[in-house]
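We just call them A, B, C and D in the order they show up, numbering each chain from 1.
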Amino acid sequence: MAVDFEPKILAFCCNWCTYTGADLAGQSRMKYPENVRVVRVPCSGRVNPQFILRAFRRGADGVLVCGCHPGDCHYATGNYFTRRRFMLMRELLEFNGVDPGRFHARWISGSEAAKFRDTVSEVTRTVKALGPNERFQEASGEES
Amino acid sequence: MSKVGVFVCHCGTNIASALDVFKVAEAARALPGVAHAAEYKYMCSEPGQQLILDAINEHGLKRVVIASCSPRMHETTFRKMLKKSKINEYLLEIANIREQDAWVHADFEKATEKAIDLVRMAVAKALKDEPLKAQTIPITKRALVIGGGIAGIQAALDIADAGHEAVLLEREPSIGGHMAMLDKTFPTLDCSACISTPKMVDVGAHPNITLLTSAEVDAVKGYIGNFTVTIRKKANYVNHDICTGCGACEQKCPVKTDSAFNRGLSKRTAIYKLFPQAVPSKPVIDAESCLKLKNGKCGVCEKVCPLGCIDYGDEDRLVEMDFGAIIVATGYRPAKWQRMYDEYGAGRYADVIDGLQFERLVNASGPTEGHIARPSDGKAPKTVAIIKCVGSRDPKKGHAYCSRACCMAAAKHAHQLIDKLPGSRVFVFYIDVRTPGKGYEEFYDQTRKDGAVYVRGRVSRIYKEGDTLVCQGEDTLLGKQVRVHADLVILETAMEPSPGSGALLGLLGCAKDADGWVTEAHPKLRPVETQVGGVFLAGACQGPKDIPDTVAQASASAAKAIGLLNKDEMETSPMIAKIEEDKCSGCGACGPICPYKAIALEKIPARDPGTGKKIERLVARVNAGLCQGCGACTVACRTGAIDLLGFRNNQILEEVDALWL
Amino acid sequence: MKRYAYFPGCASESTAKSATLANEFVFGRIGIDLVEIEDWNCCGATSAHTLSSALGLALPARPLARAEADWPELDVVTGCASCYARLKLANHRVRADKSERYMVEKIIGKPYEAKREVLNFLDILSDPAARANIGAALLRRFKNLKAACYYGCLNVRPAEITGAENRENPMAMDEIAALTGAEPVEWGFKTECCGAAHQNDAALEARPLAGRILDNARACGADVILTACPMCQLNLEMRQGEYIRKREEKRTGKARFPLLDMVLPPDPEQAIPVLSITELLAVAMGAGGRRLALDAHFVPVGRLIAGALGGRESEAIL
Amino acid sequence: MTDHETLARLMADADVRQYDCYQCGKCSGGCPMADAMDLKPRGVMRCAQIGSLGRILNSNTIWLCTGCGACADRCPHDVNVPALIEEARYEAARRGLGRHDSEVLNKAFVANIKAFGRNHEMLLAGLYNVLALKPIQDMASVPHMLKKNLIGIKPNRIGATREIAELIERAEKWDDPMVATGRSQTPEVKK
């Protein structure tokens, strides 16, 4: 594994909590690793497991899904579905040979800028330690 | 080929000092589909916007990507700008290179690289953007106010005065709520009836208000601007269209049962008016205690009624009405302390009463005509203990929250006791005294100076000794145990959500918190709206409140409702779920997942693919008025028939793919 | 016939003489068979756990383990609130916490799984079948006997161990007493601690506790206090003379030599008799005063019972 | 171990969190022993909040608490004050801060059980009165008790006194911190 390996991590963030929290981290000039790219979605409940599989297939080294805290969902119940879905998701990924350390789901509210920073840092560290994601990419091949 | 224009903002030096904006623009220019890329100091400024509009015309751009601050900041600004152009305002994507790039990274090169990635993702998504049109829905110009306490009364009057129709619904036979039971109101000590009964009369007489008492909500359909509510008008066995409220029936009725309005401190008849100033001022029959309705014997009221208003065969009636807005004003109920506090006697001691009972005792129109007489023997008490936080601030036995009004109620009760019973001693047991309101602290201060003894400590138990009640607690300021031998004990009990409010909130689709109070759309910025569009809240249904706060909130929610009713139609966000009916199998998996009940299965005509015969099949349909665009349904759909406009599956996948081009 | 493993407790062999006689009589009459736990030892009462938490669990665990080995199908019952508290706690902790069970088993040197329940007399007397049997066994009926039922703190608290629903105003004993015609009074000290635990080592501090209970019982019109624990019984009864003397001294300002309590019984006008609930039941079931050794009470009970039963009936008793 | 750490350990052992308490005084208000305590239950919690372990350990409260549980039962925040008091009592004993009369009684009590397996009330009270120098305490009751055969001179000895004595020794060793730290056979068991 290359020492200077810089993973690319994709983060799905809900518009109302985590995306706002990430913005707040910026407004507070917090610093975190550059490895994360955020895709804005209305709700973590919008994140189809298909999106995550696609990211891994394309070569994502890590995927993070973030939403409002359970009970705080802007859409009342969306994140409960997220929670259930991604408990299954982790097992599915493991079954497919993706280290579960590459996939994380977290609840970060609009005021938890520091938690966003810490989560991104921690996930980056974890994924860095795991090295580049090659297995799933190779095993599944390119999709037309 | 779609021509995308990319515009990179420097944000002064905010972005430009942290990453290479020129390089980002250059990289953007090379992206497939991009016809033009530019950078500028302030894209959001007047000249910046003009620069974009000019570029659209000059290069024939079809879509726009702006790399700048967070879309939460200026997405609406740029959408408005696009309305002035030939491009649909939804053919816009924002790459957040300020909050999520320039401001959070120190490495210039890496930040630039990330900005290029973000622009590439935005361009990929923009290429799949489609023109969307905000829909308009009509608005029924009538409001339903649920709950006829002071909150509902105020809200209904405000709406009616603004020229809109209001229907005020109350499940009791009269409006007035808890305020009608109070004697005086703090801190000014004006007589509660003197200020609330005129408002009640106004409601009864207002041409824009329809008053429905003894009525409840049975079902709610529809969405903002277009609610259809089924109202159950409960049988009251008296024809109010002809009844004049003469009172002959009440005088002759042989039944005596506990008066709930007087909190069990007096009796009432089976045919009764809730209280003398009731609005409407007409009696109803309580079927549970009426002899005629229970076992067919009696019928006295029918005999004495000069107008023949009595109808023992009356039944509940259901009526359907349309509304544009709904205000929830269901109020509170005092906590059932008897079930919570064995150490306070659990209701075994007649002379341990709650604050609302004391209001009736001290009220000139109450059971004792305002003479403070203790329930057990009718004697005037010489020593009275008032205990606060009964059921409040007690997560173990009651509720964790503070009920907000009890500190002032206790001060008022202490004041009234000292005022009406010269020479009596009043002890107020408290944990903290909370007086955050205009004139409140001054009132509390005066009560203390008048002679009420405040003892800091929660009473540990009450027991009987002879015919006195011993309140045993600690004077925590002294660090000594105290035993107050009281003739009367008043418990200032917690407020709890009104019984049945939970079921009503379920019908409306409104969320409630762990304690059962209605959840606001936002605790600070949208305090009188619920999470359901077009449903507003007023008063104690949202949490414990005193009268001034309740009335203020009622007027605020009325203003919100009036704002809605003033429009003939309203725009809804077009970024909602869309169903491809050809793909939909009608399985119904999406319905239960929707938090807004926006998806329903409908039958549509179809042809059997085998025989070509006309058949019907089920498909899911999205109600544009209800859908809020969360997208949860899209993930549940097994056939992939549902997609979310503005965040379509293929748009998100393009974004993902773009990162690894 | 219902059977229980029985933990008599140390007081049953000495100061609780009349209550013990009454227990035997009553349980015999209502078809409850109490099988004494073989070679039981003291539960440690209020002292052992004060010195050592391990000892506080191990002492009561030993007889419980013995009962579990000998009669695995029987619940354990005891007639003393203090024993009940210790046995119940040991049972609860061993059941809830594996490491505590490990410790207890190591110390007592026997397996102990805490499979059965620990009960007190009120539990087994409140059982519907037992209640019916009591009703059938009653031969006499009390009249105008106002009784203050004193449950004691440890029969009800802590709730998470005892499972008692109402710790402020329990009614089980009131309901049982009412079967005999006695009229339970409404009073405020049913579960207030009587301070029995510290009557030796902190006598000065602990004595007022019993005094307050006696005062409230009288103020609420009780003729008799009924107890469900020999420790409460002894504490409320034995030191009444001293308490009344001190109260009188305070009132009159005249001191009396303490040892005079030895020769002068408490003033019958001021003293209040204390009976165990089983004594009350036994008398109502026809037991004679001598059989129950009712004369062993510090505060004489004869006059009270005679009054409540009326003329001829009482002669047979006394 | 600093007082701060010791206090934290006592709180943890008692499963009490000092900041659960908001000082309403309902505990002290109902405590039957409060009049005699120099630090009432609320005061114990207050000292725990400000980290004043010494005041708790030196108070008479920890020796006067009867363990009746009224305070914890009524506490709005479910603070188990008696559990904390019990832990404080052990700590005070470890530090030699025991209250004389209590120690005399409790030690006499356990010695009594060690000797006979059961509690011999006459012997216990007598032993206590002699050791605690309170010759006439409760003596007024003795003639009646002897006359009515409520107490006897002969102790109620059980068969297994040797077993009981060993049990007591094992239990005391178990609680001795010096022995306890060297004990390795305790398995890690999840609660």
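FYI, a residue touches a chain if its C-beta (ideal position, glycine included) is under 8 Å from a C-beta of that chain, and two chains touch if they have at least 3 such contacts.
Since this is a predicted model, take the numbers as computed values, not measurements.
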item	value
Per Cα centroids, the chain farthest from chain A	C
B-D against A-B, pair bridged by the larger set of C-beta contacts	A-B
Centroid distance [mean C-alpha coordinates] between chain C and chain A, Å	65
Mean-CA-position distance for chain D and chain B (Å)	53
Whole-Å gap between the CA centroids of chain A and chain B	35
Averaged-CA centre spacing for the pair chain C and chain B, given as whole angstrom	55
Where chain C touches two or more other chains, by residue	167
Set of chain B residues in contact with two or more other chains	343, 461
Residue numbers of chain D (touch at least two other chains)	35, 70
All touching chain pairs, where touch follows the definition stated at the start	A-B, B-C, B-D, C-D
Residue ranges of chain D touching chain C (in the complex, touch as defined)	32-33, 35-36, 63-64, 66-70, 72-73, 80, 86, 89-90, 93, 99, 101-102, 104-107, 109-110, 112-113, 117-122, 124-125, 128, 132, 134, 136-145, 148-152, 156, 158-160, 163-164, 166-168, 170-172, 174-175, 186-187, 189-191
Chain D-touching residues of chain C, taken from the complex the two chains share	10-11, 13-15, 17, 39-42, 44-55, 58-59, 62, 96-99, 102-103, 106-109, 153-154, 157-159, 167, 191-193, 195, 197-206, 208-209, 212, 238-239, 241-242, 258-262, 293, 295-296, 298
List of chain B residues in touch with chain A within their complex	70-73, 96, 98-100, 102-107, 110-111, 113-114, 117-118, 121, 511, 531, 575, 593, 595-596, 628-632, 634-636, 644, 647, 649, 652-653, 655-657, 659-660
Of all residues in chain B, those that touch chain C in their complex	342-343, 345-346, 348, 461-466, 470
Touching residues (chain side chain B, partner chain D) in the complex	343, 389, 393-398, 431, 456-461, 472-476, 479, 481-482
